[in-house]
Amino acid sequence: MTKMSKIVRTIASIAFPFAMIYGLYVIAHGHLTPGGGFQGGAIAASACAMILVAFGSKWTLDKIKEKRLSVFESLGGIGFIAIALLGLVFGAAFFNNFLTGSNFLFGTIPATGSGLADINTGGVLPLMNFAVGLKVIVGLFVIVLVMAYAATSFKEDKK
Amino acid sequence: MIFNIPYIAVAVLILLGLYALIFKRNLIKMVIGITLIESGVNLFLITLGYRKESIAPIYTSSPGGVMAFPVPQALTLTSIVIGVAVIALMLSLVMHIYRHYGTLDVRKVRRLKE
Amino acid sequence: MNVPDYTIALVVAIPLLGAFLTPLVGRINDKLRNIFVILVLTLNAFLVFLLASDVLTTGIKTYVFGAQDISYPIVRILFEVDAMSIFMAIISSILVTVAVIYSWSFMKENTGLDKYYTLILLLTAGMLGMVLTGDMFNFFVFLEITSIASCALIAFWTHKGESVEAGFKYIVISAMGALFVLFAIALLYGQYNALNIALLSSVIQYTFLDKIALVLLIVALAMKAGIVPMHMWLPDSYGSAPSSISIILVSATLASLYGVFRVIFTLYGNVLSKIANFGIPVNVLIGWLIVALAVISILIGVFMALIQSDFKRLIAYGAVAELGYMFLGIGTGIVALGTAYGKTALDGGIFHVINDALDVGLLFLVAGAIYYATKETSLDKLGGLARNMKYTTVFFIIGFLAVAGMPPLNGFASKLLIYESTFQLNPILAIVAILCSILLLAVFVKVFYSAFMGPQLPKFKDVKEVPKSMLFSMGIIACIIVIFGLFPEFIINNLVEPAANALIGYSEYISQVVVGGI
Amino acid sequence: MDILGLSETVLRLIIGTIVVALFGIIFGLLYKGVDRKIAAHMQGRIGPPIRQPFRDIRKLFTKENVVPENAIPWIFNLVPLLGLVATISILIYLPIGGFSPIMSWGGDLILILYLLMFPSLAMIIGGFSSGSPYAIVGAQREMATMIAYEFPLAIIIISLAWKLTQVGSVNVFALSTIAGTPIWSNVTGPLGFIGFAILLLALVIVTPAELSKIPFDSPEAETEIAGGLLVEYSGRNLAMFYLTDGVKTVVMASIIVVLFFPYNLSALPLLGLEGGSYVAYAIDILFYLLKVFLVILFSVTLIRVAIARLKIDQIVYTYWVPLTLFSLVGLIFIMWDGWIMNLLGLV
């Protein structure tokens, strides 16, 4: 994929932080509002994909190494499984929500009713959302990146 | 009758998808067929959880009124996530096939014998 | 021997964790990564064996994810492990471990091995999840994990057009199959508001929608298991994947087969025997259908194998025929449920599952060894390899004699059970089974001749025996084949019989979750 | 099982195997000599002396063992031994005379069906591994013959087992069960009797192919492919194939005897012998040898003198079409036997 015009690139640069922050917001509030790790991750990844489209795959690959991205992807996966295993260690069962009610990290028990949501609730759910979010952002971005790069190199092969 | 419209849509989507899968010869269109079936199934799942005049199931306890059933929504989400992975994999395979065969026509992608 | 309940969760969690750790370990050192993967899978296999000894002595074990007890089975994710599940889990663990040891040398010259091993571990988690889970939706998720991982592995040699083509075929078939399964699950969920297999089984009514769900489930899972007439993808994928993957695919296919069994025997086990169509109980009808498909599978598998010229495709058609034998045993078991010979047939069918996995797996490994040594899979171009590859030849002889059901190898033990039960249902069935088994022998003698015998070809003059890791992994399977063949009674009494009882005894499966049973 | 009992069982097995092997080899060679003599007389020749096969074997064992240059030595030398061992191991499962089989575990008949393939398989692999074009042609023909005659053989075995199941026997594939319930006493009417006669005839026709005797000996056809399979074999290896052939003749004849004529003279009240006495065993063995001789006379000697060699496609056709249909008719007769008798109200 080649670079697009300057207008597109500028607009993409401006829009990127907003889209990214919105994605991260959806991830962080996954245990309170509709959404979560996957949805937020997809939004954030689409922001990354926008940059990719605007600046071209060559430029993006110069800036970001695909190998490094897959490390982050693994970290996301490890985080998810590790939290589940911690449930086995500290709580009673695999995937047990051992943090809830502990008053530690995200440990508050939420008030009932339709009041304002408290982000400090949910136990391990937000943590898992972060892990999944990381994995999804990086994973989807890698997919798009590799596909775009492959398409470009294929076009060059044909020439 | 009006409440059956989603189910009709489900049937239409799945049949359309099957049609595309079976009769279309372009690989991309086959991928689209799979997507259509998947959308149909997802729509079916989400419709199962629908309740009339219900609210989103995001409160610790309901502020009055009924909540929509959350389990089908969770199932649908999972299914969507899986669907993304499948579609991504299929499209990347289509790219590879195009690279090797120079075509997207199913009839010409036949290097494997019967 | 008693193991803590969470072993069940660990069996799936350890490969998953290993899968995500592999790329990180792979950044340090390639050898370290290989050792790491082998260790993870060996540990996992060890846990499976511990779990097996527990389940086989104390009965069904359940494990609830994220909670202490089964207070709300409707919303809990539940793993329910009975003798049948653990039987399949043992097959998967053995084959995967062997495949990974084999890959050490076999895949040495490939790049992107981090992803290769990650996918193998994911596939392992998927297969084990499929066979251990007690929840329909969970089954679907693991089914998809298995299909995606195996598709990516089939197409791993992307520089070959055939691999990618086979991968695409496989993913289309399995995506469609999985969506059918999901639709069926949705149909069941919409009616009974439950996803748990035991719970569904206790309330299922066999309404019109249930019939649709049953058909969808059986069609989709049988398609993924590769029975005729839905077998077209199987030779392509088995033949085009790297050999170390073909052997894992065998066990992935068998996991789908397990799904078919679970649906017929457990999910619908309660209703099928009590409802009659045209004056015949439905399970007898289904049993005859399965028997018919099985006979067609055997015939088509054998006759298609006769005309193949590619080593791995030939083995793949042999695998189709072997699938037919399993279905023949199981089908006869369903038709004649409750009689003594029905039980024998069921035993034979289930015993044949593990035997087929080992025999066909060994043959795929041998094919891979030949490919490794000569870079050739076409039988027309091979020849005279027995001079240079003595051990591989011996393993091939063991493998093909076992597949053809020659005594004293394991294939004979299970086929004997199938013969001596099916002839009581109808003598023709047993005659066809015996004859096709002998034809299969002829097919493999042909392969033996064209690959290993004959004059020495000049281009294969310097062919060397394959590296030790490949010989070692083939040796493990060959040893298991011989041991199973020499002591079939031990295996049947301790592993197969409990599995068959677990399949028949659906009420026990239900009573573990639903208080008061049905 | 205690150690003493186990060791006794093992000892009994080993001694029994040795005795049976010696028995098989000696009588195999003896019958071979008799067969040659009778065939010669039928053709108006004098023929070799009856002890000629023993002399052949002795000479072959003293000869040098030549391995051709093109052969794959380790397979070439291994298969003759495997073939002999497999053939002798069939004898372990067969009841001989008044003695019950040394080993029996339920699936004997199918086990024997498969073990019978081993000598052929050994010869096929040996032929392939010897690297001679004649041997390869012979091996391919042997392969085709083997598949061809397995079809009627499978039908025969399954029909017998099915009939035994119908009369309520358990363990129907065990030879002791089959020998204990002679099939002729289990038929309910003439249809079943005809069915079993058809099956017996089919088995008699299968036997020469199983033994590669004349009408069906195209794998070895001396006149066209110079001995085929065995063309490169010499010395000790050839002697072993020779022995295998002899033992296999006894085995096939014994199978026919066990399946269709499992009667013993000592059981006759006329003789007034008590079961288990030495005299009874001796009479049974002699009677058994007589039965085997008769079977060999009809199914080997007579057929091979009377008919000329068939071509390989004729062999395959003979077994796959006429003989298979023939034995299927037999199977159908047996299956309908009781039903028609019921219909006619005769039972």
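The letters A, B, C and D name the chains in turn, as written, and every chain counts its residues from 1.
The definition used in the following text is that a residue touches a chain if its C-beta (ideal position, glycine included) is under 8 Å from a C-beta of that chain, and two chains touch if they have at least 3 such contacts.
Only a predicted model underlies this, so the values are computations on that prediction, with no experimental measurement involved.
When every chain is represented by the mean of its C-alpha atoms, the one lying closest to the mean of all protein C-alpha atoms is C. The greater number of contacting C-beta pairs, out of the two interfaces A-B and C-D, is seen for C-D. Centre-to-centre spacing of chain A and chain B amounts to 23 Å, using the average Cα coordinate of each chain. Taking each chain's centre as the average of its CA atoms, chain C and chain D sit 38 Å apart. The distance from the centre of chain A to the centre of chain D, each centre being the mean of the chain's C-alpha atoms, comes to 73 Å.
Once the centre of each chain is set as its mean CA position, chain B and chain D turn out to be 63 Å apart. Taken as a contact graph, with one node per protein chain and an edge wherever two chains touch, the assembly fits none of the named shapes, being neither a line, a ring, a star nor a complete graph. Of all possible chain pairings, those that touch are A-B, A-C, B-C, C-D.
By the touch criterion stated above, chain D contacts chain C in their complex at residues 70, 72, 74-75, 106-107, 110-111, 113-115, 117-118, 121, 124-125, 128-129, 131, 136, 139, 143, 146-147, 150-151, 154-155, 157-159, 161-162, 165, 172-173, 331, 335. Interface residues of chain B facing chain A in the complex, by the touch rule stated above, are 56, 58-61, 63, 77, 80-81, 84, 88, 91-92, 95, 98-99. Partner chain B is touched in their complex by these residues of chain A: 32-34, 36, 38-39, 42, 110-114, 140, 143, 146-147, 150-151, 154.
Across the interface of their complex, chain C is touched by residues 67, 70-71, 73-78, 81-82, 84-85, 87-88, 92-97 of chain A.
Remark: chain B residues 14, 21, 27, 30, 34, 37-38, 41, 44-45, 48, 71-72, 75, 78-79, 82, 85-86, 89-90, 93-94, 96-97, 100-101, 109-113 touch chain C in the complex.
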